[in-house]
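Report on the following structure.
Order of writing sets the labels: A, B and C. Residues in every chain begin at 1.
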């Protein structure tokens, strides 16, 4: 297993003289200083132009008059700034409502994933029923089945649910509940629980804590890091989801932004449309900048787990 | 093909006597509704997503008015646009509103699959039931002689052109092209003089590309199918289709007069035209409504002409239309209420002089188009007479549409291919796209290669 | 995917064996109750219900549906292998497979080496490493729909399009981008790489941080230079994670849907029609009704292919990945 730690600028430990790929002494050599340093500078430029550029362009164009964006897409405010795009996105396109829908969908999906993964992992890792290995095996099998290929049976199930009847099209439950079925989350959570010190559980048991007390007062408080990681990915995945909400939310007033944007593209003034897209980006970008550490830690963890 | 909910049609009923009797009958329908006691809720297709606030407000006013005269019925509206690739999912999921629209091409097959409500008894009780143009009403009657949809509008394909670009290119805006050769040379002149696309065409993978190719094929005298039903024979590789594609190929690659976007769909080509980026394009004669409702087109630039027809006895203009249909999940009470809505929203303005005038007035007040040319679902004499009722409310540049109005009734109207229409269009999409994106494309062999696919789709009743 | 199976499975078995509860001679419902059977069941209930309803049941349903014909209106009928044969004989099927392979291949060419190089460079940055990481990861948090629609505008084929304007500065003629049969697929891959590479870079960065410094020290003592250390220490240490990111990327790109759906709807002339898009079209694309059976059959074929591919891949690389 690889370490989950990511070194960050500033607080990164200074490696000892001989421990590391590029040593302090290497940096003294002009070939390294110019070659590696140059490559790093080039990378920074590419990241700013390529990675950040499109987003900056979107931000610029969202407040540029449409005609300027159409005729001179690269020019920076040739005829000044036009903030009306943003307000039009709010009033004409009703971005606020779709933003709220997106948040509501993400919140429910998050809750569903947290409940299923924590309780399930707790049962499998701490309570250990006899037939746990059977369930674990069934869980791991689902990792082999990409969720998108279940689109058709899931869709039919939502349209004509067996046993309960009715139709859950246009209901957020049709998104929240299937979101909980993420084997990846359960595995991640279970591995974390597996590594918690057993002695604490025993001590709690001796003190008379039942399974519920143990779960709420001991296991969950000790699991904040992993809860953070799962939460971030749950929210991000829901924010990014497109195909499933497209299929099950056909009522325009219930759709999240990701489904709504392509639908209105053909009917909306370009400037207003770009403003709506910018608004759709802002929440995840701000979230990322605030929780940057958890995001990056979680991403690295994903790879580490898979390794 | 791509049909939206038309706010209003300018197809009007015939003689004053007939109209008067219909007024009486229509009010009769309304008063029985008022008498019905329990509340029934229906949802109805409203405007297409992204319509302007004014258009939406106008629609909501109609709903209010309907509810006022039908106290037992609650109407909720759902934004709706029929497109080939999205309709099936809504149908399967049962999320269509109680009243929705489908194109002529799909009505009968949907009815035969049991996917539309049976409207027979309600439809035959309509006072104007016998007045429909027989060819038009046939689109709403399935093989079991059940009425499964009511025609609400008919269109002929037409050439929309930008008068301003014509002028800038040194062409006479009152003299749109009358032959395909002239269309080609006009397109070339426009793109050379103005830098805009002289002639643009839909090329998206949502059956629109195939729809327009079929239009060209008809105009040159070809047919994409022979026969009807699952026994029909696909004839995609007919000489006129090859000729049409060669013409497009020439405009695209030699004249370079088709601009740079070859992925337009029904909405986006309207958007580009309204933005002044397109000299000419082919779509239904009523697209002006959408250009106003969604894109605030400048009326001065708009011109409408009939499609040039080749000198061939089979040449004709492709026509189609919209059907209003009711969800198969609707209860009897809902079907009855739905029929009242269809009568009120789609039909009454066509048959009732008072209603037509009041309607025109509200449309004008909310700056919605009145008087956009369409084809009569009854007949031409009535169409012309009825237009006189609302003459003073017409706010579309009718004079600029005169070339179309003068020409269209002399043209032979040919319905869309009967068997598996949308599937056949879908098969043609990549053929058109190949011609637009591959200079070495060979139209004849592309069509020959697509033919078996179309044939198997027809046989499978897709 | 599969490495988890192995590792977690083994940890689980170990955990089960080391369970502290004493084995009981006889189990009756009463002993089960006393041993906390109910609470175990209650804690497992959400997992079992949710996975049962939204994962296990649909998997079974998928298999059944692939042998059935249904339009959700009339009752389903068994049709044997007909769905599979119809898919295989569909002229679009080989096109979709070829396009999907092309997407996956191009995504490897663009998307595989770049994150590795970027990660190595970033891991040796001496100042502002956080800035690099943030910039690298930023596109990953953009909603994919926004990214695609934004790039669709960049790919405008008119000379005034964003990319064409930039090409114009260096004297290159306007390109057709997604409106050309040849350029459409690379254009899709380019956007997809932009949107996804950041996640891979972060995984590599975590792996690079985990390389034991003593290995570098030992190499330095042996007189190894920078390149030698990169070749003999860094890359071998990264091998496992590199193999895993590769298969994850292949599995991910085999399911590509969003890009062709939003950029091109599979056009022009089917040049970007992928397997997932074909599945979608079978199920939802025909306005008169769905071919759910064909959609299920093709889905099943995709799952079978990916599972077989993963197993072969793991077997083939096992020797190489475990040091």
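Things worth noting here:
FYI, a contact is a pair of C-beta atoms (placed from the backbone, for glycine too) under 8 Å apart; a residue touches a chain by one contact, two chains touch by 3 or more.
As the structure is a prediction and not an experimental result, all values here were calculated from the model.
When chain centres are set by their Cα atoms, the one at the greatest distance from subunit C is B. Just count the C-beta contacts per chain pair and the biggest one is A-C.
One simple way to say how far apart two chains are is to compare their mean CA positions; for subunit A and subunit C this gives 15 Å. Subunit B has its Cα centroid 43 Å from the Cα centroid of subunit A. Residues of subunit B found to touch two or more other chains are 89, 92.
Along subunit A, residues 70, 155, 159, 247 each make contact with two or more other chains.
Within subunit C, residues 72, 156, 161, 283-284 each touch two or more of the remaining chains.
Residues 1-5, 8-9, 11-13, 15-16, 19-21, 36-37, 39-41, 43-48, 50-51, 53-59, 61-62, 65, 72, 118, 120-147, 149-151, 153-154, 156, 160-162, 165-166, 194, 198-200, 202-207, 209-211, 213-214, 216-217, 220-221, 226, 229-230, 233-234, 240-241, 244-245, 248, 251, 255, 257-258, 261-262, 276, 279-280, 283-284, 292, 295-296, 299-300, 302-303, 306-307, 310 of subunit C are the ones touching subunit A in the complex. The part of subunit B that touches subunit C in the complex is made up of residues 82, 84-89, 91-92, 106, 109-110, 113-115, 203-207, 259-263, 420, 422-423, 426, 429-431, 433-434, 436-438, 452-453, 462. Residue ranges of subunit A in contact with subunit B, taken from their complex: 70, 92, 155, 159, 167, 169-170, 247-248, 250-252, 263-264, 266-268. Of all residues in subunit B, only 48-51, 53, 78-79, 89-90, 92-95, 265, 267-268, 271, 275, 294-295 touch subunit A in the complex they form.
In the complex of the two chains, the subunit C residues touching subunit B come out as 71-74, 91, 156-159, 161, 174, 176, 178-181, 264-271, 281, 283-291.
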